[in-house]
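One chain, subunit A, appears in both complexes that follow, with subunit B as partner in the first and subunit C in the second.
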Partner chain A sequence: MLVTIAALAFLFLPLAVVVLFSFHSSAGLTFPFEGFSLQWYEEVLGSEEFRSAARNSLVVATATSVVTLLLGTLTAYGLTRTSSRWRVPLTLLFFLPVTLPGIFVGLALLVYFSELTITLSLLTVLVAHCLFVFPFFLLIAHAALSRTDPALEEAAADLGAGRWAVFRRVTLPQVWPVLLGASALAFALSFDEFIITFFVVGPDSTLPLYIWSGLRRNTDPSINTVSTMLLIATTVPCLIAYVLTLRPRSRGSASDLKTELEASAA
Partner chain B sequence: MIESNQQVRSGVEPGEPSIRIAGLTHRFGNDVTALADVSIDAAPGEFLTLLGPSGCGKTTLLRIIGGFENPTEGRVLLSGRDVTGLPAHRRSVNTVFQRPMLFPNLDVFGNVAFGLRLQRLSREEVRTRVGEALALVRLEGYESRLSNELSGGQMQRVALARAIVMRPEVLLLDEPLSALDMRIRLEMEYELRRLHRELGATFIYVTHDQREALALSDRVAVLNEGHVEQIGTPGDVYDRPASVFTARFVGDANVIPVEVVGRSGTGVRAHCAGADVDVDDDSVESGSAWLVVKAEAVQVTASDDSAGADAMTGMVKDVAFRGTGFSYLLTVDGLEQGVRAEVGAGAQAPLAIGQEVVVGWSSQAARLLPREEGEALVVPVVGSEQDLTTKEETSDEQ
Partner chain C sequence: MSTGQAAAGPLAVLHRRLHAGPLLATAPATIGFALLFLVPIGAFAVYSFLTAGLFDASGPLTLANYEEVINSDVTPELATNSALVGLFTAVICLLIGFPVAYFLRFSAGRYQILILLLFVVAMFASYLVRIYAWRTVLGPQGVINEALLQLGITDSPVELFLYSRTAIVIALVHILLPYVVLVLFAGFRLMPASLLEAAQDLGAGTVQRWRRVILPAMLEPAASAFLFVFVLAAADYVTPQFLGGPGDAMLGVKIEQDVTATGNWPRGAATAFLMVLGFLLVAAIVSALLRLRHRGRRRGRYRVAT
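Entry: the complex of A and B
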């Protein structure tokens, strides 16, 4: 019990300090804590630089989660339904990027983009994020789709359902909570992605980059404020993902998928 | 429903089989032959059963008819129309699977309405037809139940309703009762027969259970190792088996090697286990033959001195009480294999294990099948039925 408390404290105390000082009434970043105030939130929210970084992050993360949802679902469906003898090697190839170091991906993309003389912009960030997030999404979607019973799809085909109707009316109703959950995870992963973004961002800024540059400039609680907002923006989708995968309609696969999701999130 | 079936039928040419399977061969990979040149016709409105042990190809054949598998060679015709290669969703056949396979996200109504909604029928028509189908399987009032609120038998009824609501020309049933309890299974057999009468559709029924096949079918096709052993009425395959396999698998008969030695009356005289027996069947006139005699036709009496020197003698090796009577396993002098006998409960006092007996049967009860010289039974005689049943249940799950 004591160990558990110690472990939790070790995990959450630094976070708590950051969150606490985001509400500090003075500019001090160290104890003693002098009182609550929302002044840093006011200051940050009033900053045009912050607002544009936040907007960029939001746009990129939303686009990433949507693109990943569509492409990842298609890929996972294809991989789980094909009878090709390339199925296993292909699946491995799709999963492999999970292990790639961010610095490597960032550098590779930067070289790639400059070779093709593509101007760095939010679009290159979007492409990079999709690339980065895709295998995580695929792991979850693949697990969910390979757990559905193919005999159920045969039963639907037998009743006159073509490929698309089978997918929409039989497969999707069984897996959509998991897919949405994985998509929320994709949002969170994209929203706080720093390393790869740093390489391919161009003139724009995202929230993690804004915090990093702010940290170099000054040390007032506004950084804590931004970090706290980032924390909320990434944990809320993860919580949504958790809840969605916790209670999908078919209960059999739910718990497995939940653990899968937690494993990938960690 | 009856009116609609006439609509379906009106497209059928007179004399055209509802379903024709012509020269069907199917291989998995390069060396596994599941079906070898199978040809079967089913008349409109017929109840045809494909009967055979695990691995005989009956489920593969059904999957080919349903469009889930493409045959290596041969054709499938529905009412004269070649449907070989047509995917499942474009065939006017529907399937009831071994497991109910209800859609878990839909209630009973949604499951039965599934195929109709795909046809974009009006809401009104969907409701009417779902109602009719549920009435036919006696599940009125269950519309809003989810599948986890139903018993196994009820789920399989929903699966039936889901298929018949489509008004298929041919209804395929893949061991639909094998996952149910014995009591519900018997009840469902009556339901299936009633449904078949009321719908008038062609039923193709797959089972490994000969009792089920005999009870339900107009005709039975006995399948063994990918080929058809015999097609005929239940009476044909049971009483007049055309092969040793059919005799043993369907009739559950004793198959004993004999030598035909000459004519005798309307039949022949054969040398059997050191004795001479008359057989009222002259299909084999001389030489080696198989003598087929059902267990319930075997007479077994405690031996006393009155038995002539010419009688077949043996010993009771095992006995089992069956409720309706006793099953005996007998060893017969001069015969390597055992002989089984079923004796009605009231007929005689039960015989004890080790009891010396006289074994016999009437000349009308025995039949002959051709036998190659020196050919012997490969499969063990005792317990074969039980072995087949358990094997089937485990292996067919895949």
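Entry: the complex of A and C
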């Protein structure tokens, strides 16, 4: 237990320091703390550079989570319902982007886009994010879809329902909270992605890139503020995902993100 | 899934209706992955054999990039730094992750869900913010140095922590520990509590239980956690830039420089491929060790009835 508490302290205290200093009334990053102020928030929110980075991050993360939700659900459905010999090689393919280092994937995409003379833009960032986020979504969606009772789908098909009707009226009602939760996680992952984004971003900026340039400028107290906002932007989808996946299912089996993660990691 | 192969009559029709076409549902993602992932990696492989221009490359195919990287004076140091950082980070993550995951599985009780949630939240907490946070904490005017100064332990800020390999490893452990905890926890979930009770009843102490029961059964999750952390830590290019000293550069930093600063993309590509080759080698060694051990001791393994 002591190790667990120490590990949690180790994980959260440095982040707490950043959050605390984002409210500091002076520019110093040293204790003693001189007083609370929202001046850095005012400064950051007023900056056009920050606002466009935040807008870009929001647009890309939303698009990523929508594309992943649609393609990922289709893919997880296909992979869990087929007995084809392509099932295993396809699954391996879809998990490849997280097994390869981000710098490798980012550079491969950069070279590819440049050979095809595709201008780097938020669209190329979207492509990179979808690739990166897809395995995480698939992991959770696959676990959820493979634990539904096949008898229900068979019964519906037996009663004359077409494949689409079976999916929409029988399968989807059992798993949609988990799918939405997974897509919230996709949003969080995309919102924070830096390693691959750095290579394919072009002239636009995203929030992590904004922080990266702040890191290069050395001590700039407004980075604390942007960091705090970035932390909130990843924590909130995480909590949403947790709540959504904690909802009891129609069949009474209380399942949650934890079990999804475990089932898929096992 | 009840896929009765020899089902006849209406049941067969039913099965066809349910199982014949689902593979098609994977088509959009498969096409996307082929065009935007597999082809780029193939093109990237070819690219690593091209002759370098400035921020581009052209034919004919050559081995010069690989030769240059392998024969370069800096490569051994960069590769050693990457391997050491990967190794230290992975080992420390496992050393912390094991007791935490064990506690979560067997003794956390009603706090289990809350603690797991905290680790999930920590897993998703921003990558760059953590690097920034550690620079703030470890810096010359950071929290640790201020505390040391005020307690009178030192007279001037200690540069011991920041800009060192220690700082890089601390930040990477911070970033990757939640993954390790969750993977090991998933491994422990498959271990029946009765197994440990049996070991205890038979008189095994804590050390014996860990050495003879827990660790042998947890080798596979531990190996996958190790590889995952090793690759992500060793390939990192941001942490060494902001937390490492001049001698702590890693392979990723060199690749990034070739892409952004020197504009030698084919050399960056060759370095990236050699790095991935190194990771494959490490993965092969780890899985060979696992197999060797499996063959060596069949006894003492349990079956999970799920």
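List of remarks:
Going forward, the second predicted complex is superposed on the first by the 244 of 266 C-alpha atoms of A that agree within 3 Å, B and C clash if a C-alpha of one lies under 4 Å from a C-alpha of the other, contacts with A are read in each partner's own complex, and residues count from 1 in each chain.
In the analysis below, a contact is a pair of C-beta atoms (placed from the backbone, for glycine too) under 8 Å apart; a residue touches a chain by one contact, two chains touch by 3 or more.
Just so you know, these numbers come straight off a predicted model, no measurement behind them.
In the superposed model, more residues of subunit A are touched by C than by the other of subunit B and subunit C.
Shared-chain residue A:81: touches subunit C; no touch with subunit B. In the superposed model, A:154 makes contact with both subunit B and subunit C. When both complexes are overlaid on chain A, the residue A:174 reaches subunit B alone and has no touch with subunit C. By the touch criterion defined above, A:102 reaches subunit C but does not reach subunit B. Contacts of A:3 after superposition on the shared chain: subunit C is touched, whereas subunit B is not. When the two structures are aligned on the shared chain, A:127 is found in touch with subunit C, with no touch to subunit B. In the superposed model, A:164 lies in contact with neither subunit B nor subunit C. Counting contacts as defined above, subunit A residues 151, 154, 157-158, 166 meet subunit B in one complex and subunit C in the other. Taken together, the subunit A residues at the contact with subunit B in this complex read 149, 151-152, 154-162, 165-166, 169-170, 173-174, 249-250. Taken together, the subunit C residues at the contact with subunit A in this complex read 1-3, 14, 17-19, 21-30, 32-33, 36-41, 43-44, 47, 56, 96, 99-100, 103-104, 107-108, 113, 115-122, 124-137, 139, 141-143, 146-147, 174, 177-178, 181-183, 185-187, 189-190, 221, 231-232, 235-238, 242, 252, 255-256, 259, 265, 268-269, 272, 275-276, 279. Residues of subunit A that touch subunit C in their complex: 1, 3-4, 7-8, 10-12, 14-15, 17-18, 21, 28-31, 71-72, 74-75, 77-84, 86-87, 90, 93-94, 96-97, 99-105, 107-112, 114-115, 127, 130-131, 134, 146, 150-151, 153-154, 157-158, 163, 166, 185, 188-189, 192, 194-195, 198-199, 208, 211-212, 214-215, 223-224, 227, 230-231, 234-235, 237-239, 242, 256-258, 261-263, 265-266. Across the complex, subunit B meets subunit A through its residues 66-68, 87-90, 93-95, 97, 99, 101, 103-105, 114-115, 118-119, 162-163, 166.
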